[in-house]
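Have a look at the structure below, then the notes.
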Amino acid sequence: MDPINFVILASILFAIGAAAVLLRRNAIIAFMGVELMLNAANLALVAFSRMHGEIDGQIMAFFVLTVAAAEVVVGLGIIIAVFRARQTISLDEPAELKG
Amino acid sequence: MFPILTVMVALPALGAVLLWALPGGARARAREVALAVTAIELVLAVVLFAQFDMSAAGSFQFSETYAWIPQIGTSWALGVNGIGLLMIVLSALLTPLAILAGWWEDKDDSRRTHYLALILLSEAFMIGIFAARDVFLFYVLFEAMLIPLYFLIGSFGGAQRRYAAVKFLLYSLAGGLIMLVGVVALYFQGPGGDQAFLTDNLTGLDMSTTAERLIFLAFFLAFAIKAPMVPVHTWLPTVAENARPGTTALLVAVLDKIGTFGMLTLCVALFPEAAHWAAPVIILFAVISVIYGALLAIGQKDMLRLVAFTSVSHFGIMVLGIFAFTQTSVEGAAFYMFNHGLSTGALFFVVGFLIHRYGTADVTQYGGLQRVVPVLAGTFLVIGLSALALPGLSPFVSEIMVLVGAFSAAKVAVIVSAVGVVLAALYVLLTYQKVFTGPAPTGKRAKVRELTRRERIVLWPLIALMLLLGFLPGIAIDAVREPAHDIVATVSSQEAGA
Amino acid sequence: MLDLTWLLIAVPLASAAFLLLAGKRADRWGHWVGVGASSAAFVVGLVALIQMLGLDSEDRAHAVHLFTWIPGGELNLDAGLLVDPLSMTFVMLVTFVGTLIHVYSVAYMEHDASRRRFFAYLNLFVAAMLLLVLADSYLLLFVGWEGVGLASYLLIGFWNHKPEYATAANKAFVVNRIGDIGLILAMGLMFTYFGALDFGSVFAAVPQASTAQLTAIGLMLLVAACGKSAQFPLQSWLGDAMAGPTPVSALIHAATMVTAGVYLIVRSAPIFEGAPAAQTTVAAIGAFTLILGALIGMAKDDIKKALAASTMSQIGYMMLAAGLGPVGYAFAIFHLVTHGFFKAGMFLGAGSVMHGMNDQVDMRRFGALRTAMVTTWVTFGLGWLAILGVPPFSGFWSKDKIIEAAFIGDDVQPWILGGAALIGAGLTAFYMSRLFFMTFHGKARWTDEQHPHESPALMTVPMIILAVGSAFLGLILATGDRFVTWLEPVTGHAEHGEPVLPAAVIMVATLLLVALGAWIAWRKYGAADVPETAPAASLATIAARNDMFQDSVNRGVFERPGTHLTRTLVYADAALVDGAVDATAHAFARTGEVTRKTQNGQVRSYALTMVVGLVIVILVVVQGGL
Amino acid sequence: MVNTVMFWIIAALTVIPALSLLFARKAVHVAMSVVLVMVGLAAAYVTLSAPFLGMVQIVVYTGAVMMLFLFVLMLVGVDQREDLKETIKGQRWIGLLAAAGLGAFLVSIIGRVTLPTADTMPSGDPEAVAIALFDRYVLVIEVLGFVLITAAVGALVLTHTPRLRPRKTQLEVQRDRVRVGADPVNKPMPGVYARHNALDVPALDPEGKPIEHSVSRVLEIRHQTQEGAEFRAALEDPSRKEGDR
Amino acid sequence: MSFTTPEIAWAPLTPLLIVLGASAVAILVESFVRSPETRRRTQLVLSLVALVGAAGAAVVQWATLDGAGTVVLDGMLTVDRQSLAWQVLILVFGTLGTLLFASRTRAGEEAFTPLGASAPGSSDETLARRKGLQVTEVFPLALVAVGGMMLFTSVTDLIFLFVALEVFSLPLYVLVALARRRRFLSHEGALKYFLLGAFSSAILLFGAAFLYGATGSTSYAGVAAGISSSTGTDALILAGAVMVVVGLLFKIGAVPFHSWTPDAYQGAPTPVTAFMGAATKAAATAALLRVMYAALYGLNWELSWLFWVVAIASMLLGTVVALVQTELKRMLAYSSIAHAGFILVAFAGLPDTALSALPFYLASYGLATMGAFAVITQVRERSDEGTVLGEATRLGQWAGLGKRSPWLAGAMALFLLSFAGIPLTAGFVGKFVAFSAAISSGAWPLVLVAVIASAAAAFFYVRLIVLMFLTDVPEGQEDAIEIDYSPLARTVVAVTAVLVLLLGIVPGPVLSAFENAGVLLLGAGG
């Protein structure tokens, strides 16, 4: 089977991740959607790496992994800060900035 | 050679800085300082006029060129031809008069200092614009001038002055920004290089017809807003109504001339083909301005608005003269630019004096003043008659030159515009009638002061000048003849080509 | 001396400027400066005239170069004077009658606080009028043309504390300006076709011009002439102009300024020669106005307005004559001169009556004044006889020639023009006699407040001099066709065509009609009692009293629609033009208000806009790129 | 080429749990599903000849990242439920449509592309990865250090509370307790009358008065406490037996 | 397998190394210096020395640049005059930003919360404030952000681009959350900025993956080569390119990827807003320039309409919504969206001149932005008791500022005029060169839209000027506003004002410097 199918799979996962951001009000779930998008990108990278017969894609995925981890830390930090202030992590709740 | 033009631009600007730098105590003398600066400027203008070689009025004289931003091809390039010369003299003449006319304004020293500094700054920009020989420099000054004017209108004046200031700024800015597109586009049509924006390098360019026409329109729109032509005129009445008469006098008498000046020296000179192409439509709008402005002037109660609308009408005549492209009409228009400055400047000043006395610009509040202040009445009448272009006063010569000269090129336009002659009589005489005739006022209103000496010093030189130029217009026409000839030649070569 | 004719203009002008600027300190003696200036002008004129008479007739046209006026390159115009018999005639008329009226005014305006200003304006007028007639180009003529308009405006509105007087002044100026359009456009045409505005170049170029071009110019000149000379349809201002002090009416609105239109036509003779249609129009307008003016004059009870209507009618005669071509030019000017004398005399007489009657102008309040004011009665009577055209008084010599000339021509034209002139003579006799009888004869109808008395010598002497002129000037000038010959260098020698009726028949008919008119007037106003208030009248009389509804027409056709137009435009300017800008600004703000709602504060909406944007972008780029 | 069966297993293993991101109510469920997805992705990496990356994926994602998520979920309260009802008009449908559209586009684009697969398999073993990392990508690695430092500092700044109040010695703690009138030693145990279930009976102080707060507050709220009075009475009056009650 | 140590040209990286190295040192300072006050001073000095030093190093690099520039590590990084120009720009913004970060009110309050972890209004917060705690970590975080941005302007590899993006984004997310006052808003802004930022970087990454898939390379040169030789992968390339560009447009703040801007700008502590507004936009523009010219130039035609549409949408939306704003920071945020549109105008058609025009534009815009926000930090509300509160950002509160503090108001007016593009300010020259670039590639209709938007935009800039100078202080509100005085913030205001004027009047030297920078080192690396 052609590894390109993994790219298709990655695209679907990417769309699901994006949908999570568009639809979910729970900050953590939305954030997990973003994580899924990053992982989908990783899958695509690895699949392309396989198709090109080179390792670069994998290396990139490796970096993304690291960056994503760091991002998770910061993101969760912010979410916790928001939770401490408001006792909720619903994204509907803080909507004073608008207009 | 002595860089007289640069000095003339720098002097008022430095004067403004000096005023702002005055310590609190010395600000009581701000008027004297400002007057001195403008008086020196006037002397310089007279020197300039005297030194000007009339036999070569068509070419730029006193030219100075210094590199400014070579990266974008612009230089500090000044120089005047006959038309610019007249405009500079006009600016230098009216600024001190405006300061004198507003002598009594502002009880507060610091406020007055600000006002005067802004006036001086405006003068610097005006002279810079009339002397600019570089399109970019012209544009920069053209736009930067909005700032002092904006504050002049918005800080000093009537109840709705803020609205007026914003309206003025937005109108001007809208026009100016569109002109900016034209300026940039022109750059790419030009030769490029360190002096890409020098008008010399931009005349006679070989552009595509479309490009030329579009750039022309961009320039023209800006100038049409500045020299208020219907339908982009509405800022002027609002400003006139709310700004100080002195400010408005400078604005209408000098600054708005930048519009017609730009049409003459940039629009037509740089884009003869497009000017020729657009002339019929522009003449149409000019004629509409003549009649529309006059009719609206008749319908005004507020004298300042009235004068503003008369200017709309007069600017229509100037534009008609320019775009009729005959030697006589262009000369007439250029000469009219100067005369209209004298006439409208005086008109705004004298209306300002009336308002100072009565505290209102509403013409219906007046009446019978001739019995009380005959000198003021007479002065007003003479100035009013200059606005209706009575023979003997210089506006007549220029107006008749436009009408007679333009006849061959635009018969219908002249015929319709001639109706403006009658309407002018109506708006001037009706105003005079409402203000000065009728039963003499009684009570407090009867105790109106006669024209003071200072006010006479403001008005009478203007009248004298109009009389002088009415009988000896050659003094000024000598300056505009060759430029007009060059312009007509440029355009008619297009005609021949087409 | 001919080269010094510029003094004619300069002296009164300088005097006017001096009087205006001198201020109150000149109040006591300023008027004498005015009189002096006018007299000086007369002297200068007289010397020039004598000098000119010494020249051969073909050398009498003398050009005086003053200074370079407009060095426009294309429009090059020098200010210069053209001193020839025509202008000299006017110079003499203006300075002579003008000086007399100056003298008269010294007494007439004695009690007016602003007498100095009045004299300044009079001097200004004299200067402008002389400039008008002496100018050697249409443009310089226009300067004088507008100058007399200004002086007329200032003098009509001299008592402008009365609002209706101020309005009358405005009306005069504005209507004149309508005429000025004609002159401006005529100049535009001349400049377009001939490239020049001075008489010499224009007339030199006339032979090469087409008839259509000349007709256009001629008609435009006619418009100008109609405005200045109160010819139909621009006559409405003249009646109101009587608001000015009576000397003004005498000088400006009878003797001199209003005849400037005739001067213009005659001066432009070469143009009209090439444009028969325009010429005929001039004659037709003249004929129409002479009847119209006579009809109006028949109904007026205001002595000055009746005289004004008469002026209109008499100028109609002049126009008619001027419209007849070379045949009529000289007679037009001839009548102009005689009219200047007798009409000025009558106006001064009217002024004298008013002076003695507490400024009463209603003739129904006069009557039997001949006893109270003998000098006035006599001088006025001479003027009356002159205008009636009773031989051998001045009017006879000029008017009769015009009537005769009107009968010259082909087709129906002589019958119409001649008929009108003939009938006009009868009507004139009626209304002038009516005026004369109502004022000086019949029963006294004045009230106790009025004590009619003769005017002082300063007033009566000018009246007497004018009366003498009214009586004999015509005879003197007509003898041996002296006047016609004098003008020939300007008007050209006319081939004397034969009238359609024998000259004697015409003369007899005229005199008969005049006698009839006078007799009817005597029956109604001399012998019978005149009611003190105007009786109810027929429609025609009402129309005549109201100047044939000219004002109503003007009001209905121009003024009221104009006012509405102005008001509408003021509104439209605020609502539409300015409103469009405001609406644009408002639309921007509205759009902003709506758009800001999309910034709803919800992250997932923000992300949604991004995704939607992304999807659209991908869609278009990828589809478009493939 | 890769194993087709493996692909479908992985596809099922990733897509189905991933859908919980959209439809599961409890965040914990979502997190656990995402763990599954991560495992599935690890499998995919292995299949795509990136075994080292697969291992790292499991270690980092399932082992660290997702656990961090769970940890935070615990912190903010596991039972924070989300109402799936949408509050913004149209958001759900447009959102679904947009996301679906995005997916569809991406898929269709890939479907349109012809991309050959190289015959050579990339070597994804640790050594090859290490060499690549420290050769061309060494700068990236170094910069990544800053990402990690930032993350650490950021998390600290946002969540770490330093000791704001001085640490109290035992003596101070004791003094404070006495000062506010708390029990000097321990809270007394209930149930002085050790009968059947003495927890509902308050203890007695040395003066014999009942110490009310010795009984658990829960019982108090449930109104299951005993006064103790009757037991005392029973003690003082032996005739009364428990059975009498 | 064998491993050979790669050759790295360290010298061109000196500025970067200085900044990042300083940030590492600064973290150590955090750990070892206990007193907050000492720590703050140390951090400030360290940051300033590092930033100025780095700028100096960059200038030296510029002067000693060998040929067109240096490609580091097989196309991962390229240091040429273009990147050095941007680096200097970012370092300037970083320096000014650091000064603002360190500025304090008269009462000695920083812009940042004393304790990020405390809940707003909690006793912890009060206690932390009373104890004089300070989050001095903002300095190292800012340094990392500056480093990341510098990197962002120089990277020539998609994966490095992604990493650099995260390097500067992560500290910003944190910084946004650290406001001292209105902390709810600050948190909210940070959360939104973070989620959307992560979302957009995922998009960028996915695009990068596609490009890698289609071209087999991640270096710009490789991608460019792949694009020119692509067969059957056009769709993939285009989709990838679009997604990468969208990721960058997000950072520039262009419509429809702009939504985070107003909320983050308003929520963030004002010094952070200033730094972010100026530097992020510059860095993202630089990166977009490089991506477009070095990697995606072959797609010029396909992508040009994207720039057209996004530019027009940004200019119009930014303008019309700014028109109706009553909150100052938010208004400036929308204005920044409009400016994003103006920036993109220069991208239309990818003319060469854009490479020198945009640095100037961003310099003028950034300086005015820094200055404007610095002024905002100086205008504060005052409670009835006279205590100074947070910044007064409602428009109405600025009424009569010209009377209270003419110099401050004058400077603000200058910045606003520069935003509006009035001549004799830097903004005008910026607009001029940017529009020139666009017109040179024939995009004059776009420029026409731009000037119409500028004219409309002038309205809201002018409205503030009207308020400051032409409106009186409202009755009874005389004491509601306190003009704060912080020497550091005032320094920033003064410096930016002078620069804005200088760049407006004598822009020549800077223009020619950027002209030199208008050449990209292309075609190297694999």
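Labels for the chains are A, B, C, D and E, by order of writing; each one numbers its residues from 1.
Rule of thumb we're sticking to: contacts are C-beta pairs under 8 Å (C-beta built on N, C-alpha and C of every residue); 3 or more make two chains touch, one makes a residue touch a chain.
Predicted, not measured: the structure shown is a model, and the values here were computed from it.
Counting C-beta pairs in contact across B-C and across A-C gives the higher total for B-C. Distance between chain A and chain E, defined via averaged C-alpha coordinates, is recorded as 25 Å. The distance from the centre of chain C to the centre of chain E, with each centre set as the mean of the Cα atoms, comes to 78 Å. Taking the mean of the C-alpha atoms as each chain's centre, chain A and chain D sit 19 Å apart.
Work out the mean CA point of chain B and of chain E, and you get 44 Å between them.
Touching of two or more other chains is recorded for residues 170 of chain B. Under the contact definition stated at the top, the residues of chain A that touch 2 or more other chains are 7, 14, 17-18, 21-25, 30-31, 47, 51-52, 54, 56-57, 59, 63, 67, 70-71, 74, 77-79, 81, 91-92, 95-99.
Residue positions of chain D with contacts to 2 or more other chains are 91, 95, 98-99, 102, 105-106, 109-110, 112-113, 115, 128, 137, 140, 144, 147, 150-151, 154, 157-159. Pairs of chains in mutual contact: A-C, A-D, A-E, B-C, B-E, C-D, C-E, D-E.
Of all the residues in chain D, the ones that touch chain E in their complex are 105-106, 109-110, 112-115, 127-128, 130-131, 134-140, 143-144, 146-147, 149-151, 153-154, 156-162, 164-165. Within the complex formed with chain C, the chain B residues making contact are 167, 170-171, 230-231, 233-234, 238, 292, 295-296, 298-300, 326-328, 331, 368, 370-371, 374, 378, 385, 390-392, 396-397, 400-401, 403-408, 411, 414-415, 418-419, 421-422, 425-426, 429-430, 433, 436-440, 471-474, 477-478, 481, 484-485. Note for the complex: chain E touches chain C at residues 191-192, 195-196, 199-200, 203, 234-235, 238-239, 241-243, 246, 250, 255-257, 259-260, 262-263, 299, 302-303, 305-306, 317, 319-325, 456, 459.
By the touch criterion stated above, chain E contacts chain D in their complex at residues 1, 3-4, 6, 8, 20, 23-24, 27, 30, 72-74, 76-77, 115-118, 124, 127-128, 131, 133, 135, 137, 140-141, 144, 147-148, 151, 159-160, 163-164, 166-167, 170-171, 173-174, 177-178, 213-214, 232-233, 235-236, 239.
Of all residues in chain C, only 600, 602, 604-605, 608, 611-612, 614-615, 618-619, 622, 626 touch chain D in the complex they form.
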